[in-house]
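To start, the structure under review is shown below, and the notes come after it.
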Amino acid sequence: MLRTNLNLGAERQMSRLHPYSDKVMDHFTNPRNMGEIADADAVADVGNPACGDMMRLYIKVEDGKIVDVKFKTFGCGAAIAASSMLTEIVKGKTIAEAEKITNRQVIDALGGLPPVKHHCSVMAEEALANAIKDYRLKHQGSGS
Amino acid sequence: MIYFDHQSTTPVDPRVVEAMLPYFSGTYGNPSSHIHAQGVAAGEALDNARLSVASSIGAKPEEVIFTSGATEANNLAIKGFVEANADRGKHIIASAIEHYSVLAPLRSLQSRGFEVTYVGCDKYGMVDPVDVGKALKHDTAMITVQAANPEIGTIQRIQDIALFARKHDVYFHTDAAAASGIVPIDVDVLGVDSLTLSSHNMYGPKGVGALYLRTGNRLSCQIVGGMQESGYRSGTENLPGIVGMAKACDLAKAEASTRIELLKNLQIKLWDWLANNVEYLEFTGHPMYRIPGHVSFWVKFIEGESLLLMLNMKGIMCSSGSACSSNLRGHDEEDLAASHVLTAVGVPAEFCSGSLTVSMGKDNTEDEVDYMISALPSIIERLLAMSPLYADKLKGKDPYSK
Amino acid sequence: MIYFDHQSTTPVDPRVVEAMLPYFSGTYGNPSSHIHAQGVAAGEALDNARLSVASSIGAKPEEVIFTSGATEANNLAIKGFVEANADRGKHIIASAIEHYSVLAPLRSLQSRGFEVTYVGCDKYGMVDPVDVGKALKHDTAMITVQAANPEIGTIQRIQDIALFARKHDVYFHTDAAAASGIVPIDVDVLGVDSLTLSSHNMYGPKGVGALYLRTGNRLSCQIVGGMQESGYRSGTENLPGIVGMAKACDLAKAEASTRIELLKNLQIKLWDWLANNVEYLEFTGHPMYRIPGHVSFWVKFIEGESLLLMLNMKGIMCSSGSACSSNLRGHDEEDLAASHVLTAVGVPAEFCSGSLTVSMGKDNTEDEVDYMISALPSIIERLLAMSPLYADKLKGKDPYSK
Amino acid sequence: MLRTNLNLGAERQMSRLHPYSDKVMDHFTNPRNMGEIADADAVADVGNPACGDMMRLYIKVEDGKIVDVKFKTFGCGAAIAASSMLTEIVKGKTIAEAEKITNRQVIDALGGLPPVKHHCSVMAEEALANAIKDYRLKHQGSGS
């Protein structure tokens, strides 16, 4: 009597993220390397409070290696977590290695970010790039 | 009291109510409040509910749009499609026996310059897919044919119609409100682009429904505002209702074969008794391709409402078709005036004011059918005795014989 | 956990749930099934609910149209009015701080040839009725100004605006969703032609709302079909939801003065503490004409979402305004980007990403406010320490001082 | 602080009828004077099954008085109840009195009818009028 049958399509998993992963919340709650470096070798400001986020990154370099890194961030949970995570990734890397760090690495290390928050990881990547540029400017020829 | 009016609405399954309860005063958050615990919990529940509803029809979760009910889902599918796809042509094909929630949007589109071809059906209420194919024009934008009819129970050959739609790259919507929770549905097997589901027709709560929309199709939002439901439908989500609908879908899926077996048995029992015992009775709808548990008929010389009233006085609740399509309660229409559905299947409108629809549900029993069988003869006898038409017939003037 | 986000949604009052329960599996009929006992009982419940909702706002029952929520009610009031009154002109006046469910319909009308004047407000979010009067044109068809703002709490001078509307015979709609169940409403005192009520903002269920429509006004139905709700809104009525909303209205009316007293006390306590103890804090909204229990503010140098998150980690749930207006959960907007409301009240959008909205409810306690008061200082201190803007300020470069 | 006040408008009663009053249901369930009069002095058919209702009214007149009346009706609950109520009102009345009976009287005697069902009372009034006309035609000069 019935025309339709019971053959249901495979159950395809949804992939909507909840706003923040546990990793993000951990870094937001206990940000690593938050603060300033008084005698930093380079500082970078990126973002703009008008866009909701602003990050300031300090780096200290010895023998081409980033031996210390700190940040201050005005921004949402993702911005703070991305800042914190970036500093963890960066610390101990050479300038050459640090230059290769991408926002994707930050996102992955955080266990993902909601799509509308990806720009926070971009901000972190840019802060690093600008800090390295600043370092190069100030220490022309001294680094890698 | 015996409830044989499951096409008008169904009681909410107690397991569904139980599933809903935590979302009133416990997890009461707004799914849009994604920043705090209440909102996140609400959002999680919404995701899970979407997954249940989607998987019950073989869809992806992101293809399910929750609405306030089947009427809104049909409005969204029809008005939303043509508004978002203005380039797709100005011609629409629909069956002649659609529900008002499909017919009314179509009528409003007609007044906005669209041409609608209403394809008829045979005397069993079956639309011939070939007729739909023949109605196709170069600028046909959309086909909409219901999956099942609440009044006469006929189940359409949706897959076959979908073949024509696919071949001509025409958007195909089906209103499956009357089939919801009874007839198992797989959107890929059916091959439809969009499909309307009703919650309160399948032991879920009123005030919620869903539109399945196949990936790749676009609709224009009808209720605009905060852009919930991926922008297809604004307004704070009816979370307890949605959770209830999801539970109803889960139960319908799990119990499909049990329910269908019961409903078919009850249906056959009533059908056979009527066929063998009630003179002047005419069945409506398809004898084979029909909603399980659905029996509809009319009796010559007898007016429909008086039959309904007498059955109700004996504690048996039926309807004259789709309650959802006849809001009258003292307003502006005649409930039992010949319906467009009966006219379409060729019931002599001049002498038939409404077919009786007996729509049984998962909790009905054989005893209840037996009771109806025992109550019917005296009711019919009384009404025949009251009927001037029957008096004429006894004197040899049968108004139906011309 | 402390819930201070009643403008996003409220928990359903257990007495409301209790009132709803009989309508799921007991009186489950379809109100349109007027022929049998289940349908009649459902219809009776619908009538009674309508009476409750109507009398809670001083309206006649036939002036109440049940919808799926405030968003749909606003859509119906706005799109429905201009469609049914095409002769009344092509100009509309609205405040600049309306909810998206008002702004979005207006935007769609703008694309259909309507001109909309958005009247601004003062720094407290108050719309000057005289400004509305000045915006009137010979072809103004409609004025729509919200009763209260969910984000900054300001209550508008609706009666005064209504005087202008009356004098010029212009239809006046007010979205009272954010005032529902808190601020007592009398439609005759207000003098409005239509008014939106939200159920889930007043301890009623989600999935239901109502539009009050003054006798003599006509709207064009937006969701078309079976012509329920006197033809203004089709679709099987969400009876348990409607009964729940009615109960919520009854309770709000009966408990209005108790609730208001409590909410004012909590509000004053938090307000005064914030004013006296938090440096760099700026309140938003009107200091006097505001929703009882509603406190909103922002803190210089601190970003809104991080403040919300930290409060949530301490078990305090607030929001950055109206959850209903910000469906983001990973979709397409920035929740905490400067809102149109904050921009309208002149908050420096460049440095403020969202005000914090603390919207207390009838079940909150002084202890909870005390707890928030005890939690805030260390949170603010932490965020200031993290803020590069604050570091600049300490070095004499205050970004807010220009 | 609050701009609106508590002064609620008077609670105005709704007047929507439930489909059928108890009186209607009583007459539907136990219709009075249902049947035929074999030697009726007049018979009238009104309505049309196409419109959903048809009523046949028989009257028996003696000395200008309607001494017996019967009906058969194909129709809804209201049609049957209106038919039945009409016969009760008519019985024992003179032709002159019967002529003054209106559908309003039928409605009132039934405790009201839903607006969409008013035509049923009109049908009853018309049946009576036609029966009297038929009676006059057949008994020209004999009655009132």
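Observations on the model:
Labels A, B, C and D are assigned to the chains in the order they are written; within every chain, residues are numbered from 1.
What we mean here is this: a residue touches a chain if its C-beta (ideal position, glycine included) is under 8 Å from a C-beta of that chain, and two chains touch if they have at least 3 such contacts.
Treat the numbers as computed from the prediction; the structure is a model and nothing was measured.
Annotation of subunit A and subunit D: jointly contacted by B, C, touch as defined at the top.
Greatest Cα centroid separation from subunit B: this falls to A. Inter-chain centre distance (subunit B to subunit D, centres taken as mean C-alpha positions): 37 Å.
Centroid to centroid, with C-alpha atoms defining each point, subunit C and subunit D lie 52 Å apart. Multi-chain contact residues of subunit A (touching two or more other chains): 16, 18-19. Within subunit C, the positions touching two or more other chains are listed as 34-35, 43, 305, 309, 328-329, 331-333. By the touch criterion given at the top, residues 301-303, 305-306, 309, 313, 328-334, 336-337, 349-351, 353, 385-389, 391, 399 of subunit B touch subunit D in their complex. Against subunit B, the residues of subunit A that register as touching in their complex are 1-9, 11-12, 14, 16, 18-19. On the side of subunit C, the complex with subunit B involves touching residues 1, 3, 5, 8-14, 16-17, 21, 24-26, 28-39, 43, 68-72, 74-75, 99-102, 104-105, 107-108, 200, 205-208, 222-228, 230-231, 234-241, 305, 308-309, 312, 317-320, 323-329, 331-333, 335. Every residue of subunit A that touches subunit C in the complex is listed here, in rising order: 16-19, 25, 28-29, 31, 34, 36, 45, 48-56, 72-77, 79-80, 114-116.
Listed in rising order, the residues of subunit C touching subunit D in the complex are 34-35, 40, 43-44, 47, 50-51, 54-62, 155-159, 179, 183-190, 253, 256-257, 260, 264, 288-290, 292.
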